[in-house]
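What follows is a structure written as structure tokens; I'll ask about it next.
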Amino acid sequence: MLDVVNLQCTRGDRRLFSGIDFTVEEGELLHLYGHNGSGKTTLLRTLCGLVAPSQGEVRWKGEAIRNQRDEFAAELLYLGHKNGLKDDLTGIENLLVACRMAGLKTKQDQAWDVLERMGLRGHEDLPARVLSQGQQKRVALARLLLSQAPLWILDEPFVGLDVAAVALLENVIAGHVANGGLVVLTTHQEVALTSGKVKKLRLGWKEDGHV
Amino acid sequence: MFDAFRVIIARDLLLAMRRRSDVLTTLFFFVIVVSLFPLGIGPELDTLRLIAPGVFWVAALLASMLALEKLFFVDYQDGALEQMLLAPQPLSILVLGKVFAHWLVTGVPLVLLSPLLGLQYDLSGDTILTMMITLLLGTPALSLIGAIGAALTLGLRGGGVLVSLLVLPLYIPVLIFGAGAVEAEVSGLGGAGHLSMLGAILLLSILAAPLATAAALRISAE
Amino acid sequence: MSGRIFNIYRFSSPATFYPLAGKIARIAAWIALLLLAVGLYMSFFVAPTDYKQGEGYRIIFIHVPAAWMSMFIYLVMAFWAGIGLVFNTRLSSMMAQALAPTGAIMTFIALWTGAFWGKPMWGAWWVWDARLTSELILFFLYIGFIALQGAIDDNRRADRAGAVLLLVGVVNIPIIYFSVKWWNTLHQGASVSIKNGSSMSTIMLQAMLVMTFAFWAYSIAVSLYRVRSIILEREKDARWVSELPEVGR
Amino acid sequence: MKALSEFFYMGGYALYVWGSFGVTALLMIVEPIMVHQRRKSVLQRISRLVRIKSEQKS
Amino acid sequence: MFDAFRVIIARDLLLAMRRRSDVLTTLFFFVIVVSLFPLGIGPELDTLRLIAPGVFWVAALLASMLALEKLFFVDYQDGALEQMLLAPQPLSILVLGKVFAHWLVTGVPLVLLSPLLGLQYDLSGDTILTMMITLLLGTPALSLIGAIGAALTLGLRGGGVLVSLLVLPLYIPVLIFGAGAVEAEVSGLGGAGHLSMLGAILLLSILAAPLATAAALRISAE
Amino acid sequence: MLDVVNLQCTRGDRRLFSGIDFTVEEGELLHLYGHNGSGKTTLLRTLCGLVAPSQGEVRWKGEAIRNQRDEFAAELLYLGHKNGLKDDLTGIENLLVACRMAGLKTKQDQAWDVLERMGLRGHEDLPARVLSQGQQKRVALARLLLSQAPLWILDEPFVGLDVAAVALLENVIAGHVANGGLVVLTTHQEVALTSGKVKKLRLGWKEDGHV
């Protein structure tokens, strides 16, 4: 489904990576890893089409994503380092807006349910600004529970989450993969993904473990 | 498509409601600029009446330029812009929605308040009416044009000046026709010609600006 | 630089364009020097004193060519930027970038000489006249473009952002030109009309034309010389750059 | 001699005429110099790059 | 203590150098405001000369007010302000350093550029000189006073309006004495009285403003 | 050394915690934990004196910190969620400015050494803006290697770091504790601190593990 062909990215004067090829099929998870600054975030943003590669291309269902921007966007869910929450909207409002922008017809009570499942009961009505770091992340991740997109691209989704939330998120991801979804994620933490096929890809030329 | 348009307008208006005082920023700035002049220049009504159209229009232009800086910046910083770029709708529609909401919040109050300020300058009823019409036609054009500049300078060092520098040359025709229409009205020449030019500029910018802005956003968000 | 059709693709590669630009620049530089010498001689010694403005009118011989170049260069930049945006050719964006400082300098010269002309003729360094205003705005457009390019670290982003700006700016130029004109005719202001009575004698016109071509050649020479540096900066990792004779030392 | 000083006097317009021509000349001399310096510094940087590369290879 | 003062000035100047164009923001804004008026009002030099002191001072005031918004905001957002609050030096010294650097970057260029703009309005040499002196005394006072407002509204929603609202009443005396001095000079009355008032305002604000600002910062950062 | 007496904090309408008492002595590490939103960050900021508690007080060497603000500040190093880096300064400049503001007389080459130890060789001269998430964190953490403050207060210092950097940071912290320093930190990751005395404190009333 998602094919990456001979991808190369340059930032400033530095070539971050080149000649990257891989494929992610339905029911597969790709775990990107590598040391800090190896280019994981850049690669994920390239997969989404936010960064134009300096060489090579990304294909979705066999066609280059830059030729089918809207179609691809409809099948993609990307969560980056930044949460994309509006500080002044409450958790509920943030979730609803994000879903509707993605073209979903999410109902008010669905959103309440989902936030409760994410452990935000009693905090749904606070503006995102006063939520703790981890609670903000949870609001952002709640979109996963409502999404119908087959392809999830997640940049360090576990950062700032407590133990229980990490377990929940692992479940959600495993469920998506089991249902035939595709996931590409990065994380420095060890993550147990019980079901589905897990691929790994290491970025960076230096030895892993290099400080 | 219209869904996305509606959602984004609703979101931005809601946000503006939440930061009620932000809505007032532009308006307040407009009021300050217009009211400070009598303080700086002195109270002679003749001089004031002479410079009124210029002062009003310059104030509107500055207010609009200042409001611009934040048009996309907050979305850019908290990552909401990335999500907009990845939304399955034409980006220019979303841009149009954002600009429209922005205008509702910053432009319309200014138009509505101008009659009150016009009294400070001892303007006649007709003049005030013409002033309102020019502002009504001109401010959305300013917002649309300004959006291009805001998108181009997103996340750059010193975005502030750059926006002003880039946008200013594009604003000047609006200023000239806007102030010109009011002055023509005052001097009894009739401002119809100027007004239709303003209308033409508005139309042109509705058609072209969202596309240019969308292109600029894609470039800047990279 | 337009060349024949089948040559365009070949010369749109920086590696082939680089030496060609060097050659053209050298020729243009010599032409500029020659024409400047002739033009200056004509404008000071051949052209007669104006019966109305005395010797002061001689400013025209740089003012008008600079004013013309300032507008023309902007159009050329917009043309290159458009090509760069549509066909994604790196070279044309580099051309736009290389032309900008020269255009800004021409605009500045037009403004400066105009001001130095205005003081004796109109009694003021500056009036808010139609042409003056639109020239000032053109200067802002140039500075804006240069500032935008300077603020962006990433070359590709700078190219594309600059192109969007240039294209929007070029739409604006006729609007500015006419709007400013219209605005000013309503106010018969303190300004003296630029079209002063004295119709230009042929010899003056000839001197002015020579100077115009001199400025033209100068702009070509300088901008091509500059584009060579830009090409090197951007392609510094390429093989052909490291094999250039001037790099060896 | 007199002709020369008369020439420079420019019929009373000396400041304006020479102010214009002077600044123009200055700009048209400074610009090529700056362009040339830009070229020199680029070439220097590239030669350094090339040297580093060849050292890395050997 | 002077170490910290020096470090913070050096840091802020370095930052300003990095965002060279940010230095220009205020300056450019000033130039724009001053140059737009002739476009809005029309080209008659008599009218222009009449309103020049007012236009210049209003422009300086607006430029200073706008630059303020960012005085502490960036530090607040990236956490550097927390580190300043936890530095083992009196906060008011750091504040004084920051404001001083800010004035060097935003105020001084404006003073230096005013003569050139004065020519556009066809002002005489004496008038221009007086204008420069008033601006030299007035702009640091504006920066110091503005810092209080900026600190108080840090991180509040709609900081923008609030700053303006809080700061404006304090700015108005500076505006009145500043523009007043120039006008007195023009009309041949001599601006000495106005100038000494400006000096007094400046002294007072050097003494009191940093303390007030430091207190406000502690409250806002909580 | 650091005594906390009957501390209570309220945010908005919610009482985050109350009746907190503890002491941290030289050579001790306090590990705060608790679910997302339990008030860890708030507690740390209260310890620094950035937030005024609604009840109780924090004492340093027996005296309330609000009466000795500058003296306490000289002995404290706080690194919060936000890095405090200026986007436009390079890594080196950021580090130098931060140290000098803290009253240290750090030399240029010391700073270069330290950044190299943090694995930023070749990136010292880039503006912080273009560094990756983890690299920015590393620049901020480099201050630890130069600091002479006995008390370190660190809010989730391990977030975004790769495996090697986590190991390095653990070493640095352990070294500080072994030298008689005091550390208070929060983290959701399991962290092995080999030497020194480790205390733990759990915030939040709900069961840990509650999502």
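Order of writing sets the labels: A, B, C, D, E and F. Residues in every chain begin at 1.
Rule of thumb we're sticking to: contacts are C-beta pairs under 8 Å (C-beta built on N, C-alpha and C of every residue); 3 or more make two chains touch, one makes a residue touch a chain.
All figures in this text were calculated on a predicted structure; none of them were measured in a lab.
Any chain touching chain C that also touches chain D would appear here, but none does. Using the mean of the Cα atoms as each chain's centre, the chain most removed from chain C is F.
Farthest from chain E in terms of Cα centroid separation is A. Because chain A and chain F carry the same sequence, their contact can be compared by residue number, and over half of the numbers here are used by both. Centroids built from CA atoms put chain E at 25 Å from chain B.
Rounded to whole angstrom, the centroid-to-centroid distance between chain C and chain F, based on C-alpha atoms, equals 57 Å. Centroids built from CA atoms put chain F at 29 Å from chain A.
Centre-to-centre, using mean CA coordinates, chain A is 49 Å away from chain C.
Within chain D, contacts with two or more other chains are made by no residue at all. Multi-chain contact residues, meaning those touching two or more other chains, occur in chain F at positions 81, 88, 130.
For chain B, residues touching at least two other chains, in rising order: 18-19, 157-158, 161-162, 165, 168, 172, 176, 183, 222.
Against chain C, in their complex, chain D makes its touches with residues 7, 10-13, 15-17, 19-21, 23-24, 27-28, 31-32, 35-36, 38-39, 42-43, 45-47, 49-50, 53. By the touch criterion stated above, chain F contacts chain E in their complex at residues 48-52, 70-71, 73-74, 76, 78, 80-89, 93, 97-98, 100-103, 127. For chain C in complex with chain E, the residues that touch the partner chain are 124-129, 133, 136, 147, 150-151, 184, 187, 189-191.
Interface residues of chain C facing chain D in the complex, by the touch rule stated above, are 44, 49, 54-56, 58-59, 62-63, 66, 101-102, 105, 108-109, 112-113, 116-117, 119-120, 218, 222, 225-226, 228-229, 232-233, 236-237, 241-242, 246-249. Listing the residues of chain F that touch chain A in their complex gives 11-12, 34-41, 81, 117-119, 123, 126, 130-135, 137-138, 156, 159-168, 188-189, 208-211.
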